[in-house]
Structures are given as structure tokens and as C-alpha cells.
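Both of the next two complexes hold chain A, though its partner changes from chain B to chain C.
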Partner chain A sequence: MIDREQVLHVARLARLNLTGEEVEQFSRSLGSILEYFEQIRHAPTEGVDATNVMARRHDALRNDIPVPSLKRDEILQNGPQIRENHFAVPKVIDG
Partner chain B sequence: MPFPFSTIDEGVQQIRSGATTCRATVEQSIETINAGDGLIHAFISVDAGRAIERAAELDALSQAEKARMPLLGMPVAVKDNICTRGQRTTCASKMLEHFVPPYDATVVESLHNAGAVIVGKTNMDEFAMGSSNETSYFGGTRNPRDVTRTPGGSSGGSAAAVAAGFVAAALGSDTGGSIRQPCGHCGVVGLTPTYGMVSRYGLVAFASSLDQIGPIVSNVRDAGRMLSVISGADARDATCAGKPFTATDDIYKNDIAGLRIGLPREYFGGGLSDEVRRPIEKLTERLRDRGAVLLEVSLPTLRYAIAAYYIMCTAEASSNLARYDGVRYGFRSPQRSLPELYRETRRQGFGAEVKRRIMLGTYVLSHGYYDAYYLKAAKVRTLIRNDFNDAFGSCDLIMSPVAPTCAFKIGEKSDDPLQMYLTDIYTVSASLAGIPGLSVPCGAAGVLPVGVQFMAPQWREDVLLKAGYAVECLGGG
Partner chain C sequence: MDFETVIGLEIHAQLLTETKLFCGCRSRFGDPANTNGCPVCLGLPGALPVLNRRAVAMAIRMGCAIGCTVAGRSLFARKNYFYPDLPKGYQISQYDAPLCGKGELPIVVDNTVKTVGVTGIHLEEDAGKLIHDRAPESLFDVNRCGTPLIEIVSEPDLRSPAEAYAFLIGIKAILEYIEICDCIMEEGSLRCDANISLRSRGEKKLGAKTEIKNMNSFRGVEKALEYEARRQEEVLRNGGKIHQETFLWDRSANRSIPMRSKEDAHDYRYFPEPDLPPLTVNPEEVAALRKTLPELPAQRRQRFIEQMGLQENAAEVLTSSRKLADFFEATLATYHDARQVANWIVVDILRIINDLKITIDQLEITPGHLGALLKLIDNGTISARSARKIVDLMQERDQDPETIIKAEKMQQVSDSGALENIVQSVLAKNPVEVERFKAGDGKLISFFVGQAMKATMGSGNPKEINALLSKMLR
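Up next is the complex of A and B:
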């Protein structure tokens, strides 16, 4: 189990609203999964480097040559709300 | 397969020789889908008009142009997390229900250039998070071998589409087994290439250090042909190694004399069902009869693989899925403030399993827990790579089950996420090590297929296909 407060804290970090029912469910299901995760504490990793990425390429740079990019209208067509060629969102500054 | 050909090579030859046309081949595929997919639900969308139009264009090409196309007229399905220009790409999520990509994934361009015709986009677990296709927003897929069971996941729609004979081939994506496991459950062939062999440009990201695109097909030769089409350099994916795969005739000689096959002792202990164990043990005997050298190897870090995998993949997912905020694309829940718009959009747009993984990933990356979970898992990942390197010192490839059981019943595990995660035990290690894995049918328990998995060192897909072809020649147990 992880407690209700922890669930709500993580949900705030993840920018995720949860219903009361979801808070209860997550407190149970996340608890048992995290308990399972705990077992890696016993893995003998002293002096072992981390592997975060599989293919670290040092030559993955390209020449800076302009090429056609996506068209503005094609990008905007997926926008949930468009105003004058911009993505519209609720006002973020008062006044 | 309802097609009048058993391999892609044969199908392409028939079209080139004039015995049939691209259009007739594609129309046959669409008719089969129309007749059968109401029950199976392998597809999220089918674009028959565009597919037939494309097939007609291919028929109009010159012989010289057709001769350069290794997938000429082949009806192909693409998992719905791979972007197709002008064709809806949903990731089986409400969040992307109406998303129409303005560009093609590199693999889709490659399919087009090779003469393939994309007939539709296949069903999957939402954002590829699941092992049964049951987390799809659009409803799950049924296993064509037994419609009361799941096809596995997350590329369950692609595996089912090939198993049902709807298409000649499909693309899936694999993060911890999402190509290999559904192929095992549906009785088809699936190949997860070495990380970096196939461009991920246009694949909607789940866990970027693990995701790979690969072919799902009905036989081993077709896997080689598909891989040679989709592999190779791509400036748009910095992790793409630029090592194209070329299939050689040597692979398909059905000669495995002297091939050293390692059996990890940790993989054949408890937790493996008899229905899977029996065909695999029988297979080891038959491979030995064919001259292969079977030997025991050890992968001691296996016991930590699932924990390490789910820590890393949920951490990466929580970061990758931060982009779904209701601003630039996808679902939006209109709200009075921007933060509330983000939070409500994400609450309503994501399904339960996706939220669970975002929560887990955010937790393991959060202040005070990073070292104990993510960093520790990244170190375990190094140990797993070392295990494989040690094992490959004494063998050419490693053989294991694909999954602990045959395809399970719809609903059987969907209420217990941890039980669902544990079914990935045989596939996550190769993903963490970035090595290739091949799933090939090797027998059955009643009507339910059993798959065997081969794993090889990085860039040794040739050895995988060689072994897979030999299994195929033995004829399904």
C-alpha cells in the first residue's frame, strides 16, 4: 500500500486528476507493484555502471542543411482549438 | 493463408509474372478482412479505397520498376502507433482518437518504396502498454486460433491479422515482448531486431531506450525480407545505427550442424506451464538430432529483469507521455485554467493502465526515490547485458519459451496488473540488453500455438533466422 497522500502527490507531479475511486485503486495496485520492484535492492550492483541508453552514438551529428519541414496548416489541423494560426489555451495571466 | 501464395517471394513472383495483379491481391485481402474482422477486431481502421488505388498505381508501373520492389503488391498492416500520413494513428487511445499524422514514419516510407500496400492500422494495447490487447480504448482483439482468448499484446492486432490471413505481413513494435509474445500466442513469426537496426522515426514513443519496430509474418523467410526492407540508416533517428540487414541464401539452407544453442537454466524452472514446456523440450531433442549442440547456460540476473524492466519503461513512459496535454494535438477537455486543462485532459484521455504506468514512472523518478529505483534498475540492466555477453561466450544463440503459458482467456488477468506484468518474464531481458529476439511457432497444446524464442548477440539476426528456419522445416512439433 502507498497512502492516499502519496498517490495525490504523485498525481500532482504527473499533472493528472484522479477520481476518489482511482485514488483508492492506485493506492492498492501501485503498492503491490512497488513492493515487487523492491526486490531489485538485492541485486549485486556495487561498482556497476548504469545503462540508460542502448546506442550512444558519437557520430550522430549531421550537417546543418535546411530541408523542407512540415507545413503550418498540416500541423494546426490536429490542434484541438486554433485561433489565428495559433494553438489557443485559457488565459494564463490575469488582468 | 487465404492468399494463393505461401511466401511473400512467391506472391511477388506471381504478380511480376502477370499471373495476378496487385489490385486483385489487395482486394482479396480487404474482402477477407471485411468477412472476418467483425469477430477478430484486429484493425482499428481500414482504408480500402486508398489501398486499392495504390495497388492500381503499382500495377501501372513498368516491369523494370516492379522488379525493384521486394514487396510488390503485398497487403500489409501497420500497428496503430506507427504514423501514416493522412491516415488516423490512434495508439488505441481516446487521447489520439482523431489524430491524423502529417508525416509518414520512416518504416512506412520504406514499405511504400518496396511496393507494399498498407491496408489498415492494427489494434493494440493503449500506447502499447499491455500484454493482451485488452487495454485498447476501442475494445480488445480476439485470438484467431481461439476467439475466447486474447491474442497477446501489445501488437496483438498485427499478430492476429497475420494469423487470420488478413494480410501478407504486418509491422509491430516491441518494448518488452510486444512483438514476440503475441506472435507466440497466435502461431505466427515475429522478429524484434537489434535496438538501432530499424528507425523509430514516426513510432509514437513509449519507452525510447527499449522501443523497436519489427516484422510480423507467417514464415521465417518473410521475416528476413521485411527486415531487409525496414532496416538501415535514417538521419531522423539519432539512435538508428545505419546497419541494414541483408538476407543471404545461407540462412535458408536448413543446416544447423554445429550451431551452439544455449538453454538458460533459470528459464526452465518453476512458473513454466507443462503445455509450453513439453513442445520446447521435444524441440530441443529434434534440434540435437539435426546436429545442433545444446548446452546449458546461466543468466543469473533474470530474477530482477521484470522489476528492472517495469521501472525503466514506466519512468520513460511518464516522461514521453507528458506531451499529451491537450494543447497541440489530441483530446482536450476544455477548462477555465491551463493547469486544470492539462489535468482533466489527461484524466479523461488516458485509460487505467496508461495512468497506472504514468503514476509508477513518476513515482520512481520522484525526489528521494530515483537512486533506489531508476538508477538501480539501470545498473541491473548492465548486469543483464553482462549475463548475455558471458552466455554468448559459449553459445551462438539462446533458446527459451516466449511466454509461460499459451494464450490466456479474455478477462483472465486484466484485473491484476502485477500478474499481467509477470507474463513478460521471457521477453524483457532481451529488450533490456538491446539484442534481437525471434518468436517462431514450435508446436501446440490443442488448438493453442506454442512459440519458441531465439535470442542472439547484437546484429546477428542472420543466426536467429537460420535457427528459426530450421524449426519451421521441422514442421510445428
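Up next is the complex of A and C:
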């Protein structure tokens, strides 16, 4: 279990509005995830990179050569609201 | 009580790559909105970032240029925050294992050299652009999202707004010299945030600091810091306390305004980026990149002082911009006197650039034309004073000085006083001929006229010269 305050803090960072019931639910489920990580923490990992799980590629870099982007319609197609070829989002500063 | 100002800077520079940091979309400024985007920079599920080799090389070159250690192995990290300019919900940055470690940059303030520590340089991606004033909503453009940035962090070694300005200008000069950033603060390709605190002189501990953002011009940084230092001093003198907060610089009002307090703004929950392997760089690669560095501002400044005999100030100003220093050397290829050239560039060319609010690229005056103008002063065609006017017209009309002098009849000969001087100097230079003329050799009058015409580049009035000669030789 993590406490109610922690759940609300994380929810606020993620801009999520949780109902009282959800706060209860997440304090349990996030708690059990953290407990699981606590177990993993005890695994013997001396000398192992944090990023060691990734498939090793011989060359992990890309040359600086442009490839075609998506078309604007495709870029914008998932936007909830479009205005003047832009994603319209809730106003974030006082204009 | 006497206060000491302590300033540290964070400078973000957009790298001049063709493509973004983690995908092949173009990273060009000014493209139509939302035309440079793909699953990676749009943060679509399942898309994987692949690091741009050239961006890494550029960051390493900057590290080499300011004496940073280059890490053989560095890591990327996720900086998590929710804001509409960041589709993924996190920015890929570097955190506790950046690409470049400690370095330093010498700055010159009041002709004194001071070495300022650099904490490190890391690579990160830029956020997208939000436009707040065009619609009831905020409008988001993904084009800038993922553009490669380096963040250069200074130690809190700066002790005045003037030093902070010098540091910023110094970093800018190097970025330009090594051609990895175009450094246009007004367009956001170079950005600067500052931390500033005050402490009583002699105190070792740092005072509570505030952060200033949004200073989008070089002088704006200095002004904003002066403003904030004054504000803090006033608070402290009145027995108040400085609260750690972030201010936005309002350039039009010349004051800083507190950012609407963003709760938990600094809770970024960094963790290692699982989609990118550690970046490994071997010493041979670093050595090879180091070899590609051009002559840097400090070296060029030294050369201008030692080999060309320039004053420190002039050398400093000229080398603060690679293009300005190039302009100086190009002019010097057409005209011999380095100090004279330096003086004209520092005073007049820069005056024109500042007055017209243009960049050196928009200058119509060419080095060759400036050299020609200086020669015209030397041979007496024009006075230094009218040359000042001509140089403005050279910019305005994109013409060479001779054309302007003809069109404007600006030769010194156009006023009879000046013409008299020329005739006088012709006579003074040819005493033997004067004697012969006085002894009766009347044909010599045409020789004198010829000499005077030559001195006026052929644009004097022969009748007037004749009249003056007759009068003066009488």
C-alpha cells in the first residue's frame, strides 16, 4: 500500500482526476507494483548496467539524413481538436 | 551591508543538424506547421528513438572547444512532465551521466581575464512549439519537437550581470566558430536561463536563489539579471527573505514577473531511458573530432593583438563573432592598415548593424568596398567625415563607394575650400615646377591642373582649378 497523499501527488503530476474509489484502488495496485520492484531490487545485479536488457546493436547511431515525415493530415489525424493546421489544446498560460 | 551577486547560467543551443535527435524528420526552423513529424517525435506507441550521430559529434566538438572531459560512456534519461508541448509526456535528456563533464571558459570583463567553470554539457531533445495568442485554445506545432539541443551549464562562478553577459557571448562565439548553432536568441535557437542569488560579501554559503527564464536577447539577459539583483538586494535590505521562485523576463516592460506557481514543477521523476542503449564514445573518435576544430575566438583574439597590433578591446569585439572577424580579415586583404580597418568595423559597421537591427549576413557593404573607401580617404578624394556618410549610403544602396561619391558629388573638391587645399598641396609637392612656372614656363599650368585632377580622382572642376592656380601662383 502507498498512502493516499502519494497517490494524489502522482495523479496531479499526471494531470489525472481520480475519484475517491480510484484513489483507494490505485493505492493498493501501485503499492503492490512497488512491492514487486522491492523484490527485484534484491536480485544480485552487481556489475550489470541499468540498461543491459536491451538487445545490443553493433551500431546504435543513425546518420543525419532526412527521411520523409508523415503528411500533415496524418500528423493531425489523432488530435482531438484541430485549428489552423495546429493541434488545439487547452490554454496553458494566460494569454 | 555589501552584497555579492552569484550567477549560474544554463544555455540551450539548437544544433544545426539536418534531422531531429531521435528520428529522421527535418529539424528546420520556419517550415509550415506540423509538417515535420513521425511516430517517434509524435510519441506514438511503439515508436523507438535512434540517436543522431552528427548531433553527438557536434556536442563532443563543443566539449573539446571548452576543455570538457568527454565521457566514454554516457546515459540518456527520461525527464517526465505533462505539458502540451511534449507529446510523449517526457523529454529524453541526460541526467547523472552526461556526455561532457567539467570544462571552463575564459571571459574578459573590463580588460581582465577570468576563468569560469563549466559543469558539463548534455544532449537533449527540444519540445514542440505552443502559440498562445492566436486562438481561444493554445495551438501546438510538432515541428520543433525532437530538435537536438545541447545544454551547457556554468558553475555559479559569475559575479555580476556583466560577467554573465560575457560568458553567454563567449559561448555564443564558440558555437558560431565551430558552426554547430546559429545562435539567434530572438528565434530561440539559443536560449538562456539564469540562477541568481545574493550573499553578503565574504560569506561562503550561497544565498537563496531565484531562476529567470525567457530572456530572449543577449542584452536582455544582462538587463534581467541587473533587475533581479536589485530586487533581491532591496528585499534583503528591508529584512525580507528571498523565496525560491521562477520569474519570466518581460522584455517590453523591462521587469520580471513571477511564473504562475507550477506545483511540483520540479518533480521530474528522472529514470534511465529504456529505449536507448548507453552512448559509448572512444578516445580516438574524440581526438579526431578535436582535430576538426577551427581557430577559436580566444586564439584569434590573441593573433589579432599580437600579429596585427590591434587594441585588446577591438580584438575582443571583432572576434566575438566569427563572421565579424572574417569580415575584418577579408577587408584587410584589400587594405593594409589593420588598426584603421578594425576601427571602421567596430565603430561604423557595427553602428549600422545595430541601428538597422540586422545581422552581418544582411550587410550590403562588402569587405572590398570598405577597403576601397579607406583608400579613397587616404588619397584625399574624400574626408573621413564624408566617408562616414558614404558608408551609410553603401549599405542603403548596395553600391561601391566610387559610384556613390560620383552620384552625390561628395568629393572634397565639391566645396571650393577643399579644392583650394588640393591645389595647395599639389603646389607644395612640386616646388621645382613652381619655380620653373614662376620663371616663365607657362605650359606648366596644364601639369598642375593634371596633378590636381588626379588628386580629385578626375572629378574636380578644371575651370575652378585653373582659376585657383592662377590666383595662387600669382
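To be clear about the criterion, the second predicted complex is superposed on the first by the 73 of 95 C-alpha atoms of A that agree within 3 Å, B and C clash if a C-alpha of one lies under 4 Å from a C-alpha of the other, contacts with A are read in each partner's own complex, and residues count from 1 in each chain.
Methods note: a contact is a pair of C-beta atoms (placed from the backbone, for glycine too) under 8 Å apart; a residue touches a chain by one contact, two chains touch by 3 or more.
None of the values given here were measured: they were computed from a predicted structure.
Enquirer: Would you sort A:R62 into first (chain B), second (chain C), both or neither based on which partner it touches?
Expert: In the superposed model, A:R62 contacts both chain B and chain C.
Enquirer: For A:Q39, is the partner it touches chain B (first), chain C (second), both, or none of the two (neither)?
Expert: A:Q39 sits against chain B, while chain C stays out of touch.
Enquirer: Which holds for A:I75: it touches chain B only (first), chain C only (second), both, or neither?
Expert: It touches chain B and chain C both.
Enquirer: Does chain C touch more residues of chain A than chain B does, or is it the other way round?
Expert: Of the two chains, more chain A residues are contacted by B.
Enquirer: Touch check for A:P90: first (chain B), second (chain C), both, or neither?
Expert: A:P90: touches chain B and chain C.
Enquirer: Where does A:A14 make contact in the superposed view: on chain B (first), on chain C (second), on both, or on neither?
Expert: Once the two structures are laid over each other on A, A:A14 reaches both partners.
Enquirer: Does the superposition put A:M1 against chain B (first), chain C (second), both, or neither?
Expert: neither
Enquirer: Counting contacts the way the document defines them, which residues of chain A are shared by the two interfaces, the one with chain B and the one with chain C?
Expert: 13-15, 49-51, 53-54, 57, 60, 62, 70, 75, 81, 87, 89-90, 92
Enquirer: Any idea which chain A residues touch chain C in the complex?
Expert: So the residues of chain A touching chain C come out as 9, 12-15, 49-51, 53-54, 56-57, 60-67, 69-70, 72, 75-76, 81, 83-95.
Enquirer: Applying the document's contact rule, which stretches of chain C touch chain A when the two form their complex?
Expert: 17-19, 23-26, 32-39, 42, 50-56, 75, 80-84, 130-142, 260, 263-264, 267, 269, 272-279
Enquirer: Over in the complex, which chain B residues touch chain A? Could you list them?
Expert: Touching chain A: residues 98-100, 102-103, 195-196, 209-210, 235, 238-239, 241, 301, 303-304, 306-308, 310-311, 318, 322, 325-332, 334-339, 341-344, 346-347, 350, 352, 355-356, 358-360, 362-364, 366, 372-373, 375-383, 385, 417-418, 421, 432, 434 of chain B.
Enquirer: Sort out for me which residues of chain A touch chain B in the complex.
Expert: 2, 6-7, 10-11, 13-19, 22, 25-26, 29-30, 32-34, 36-45, 48-55, 57, 60, 62, 70-71, 74-75, 77-81, 87, 89-90, 92
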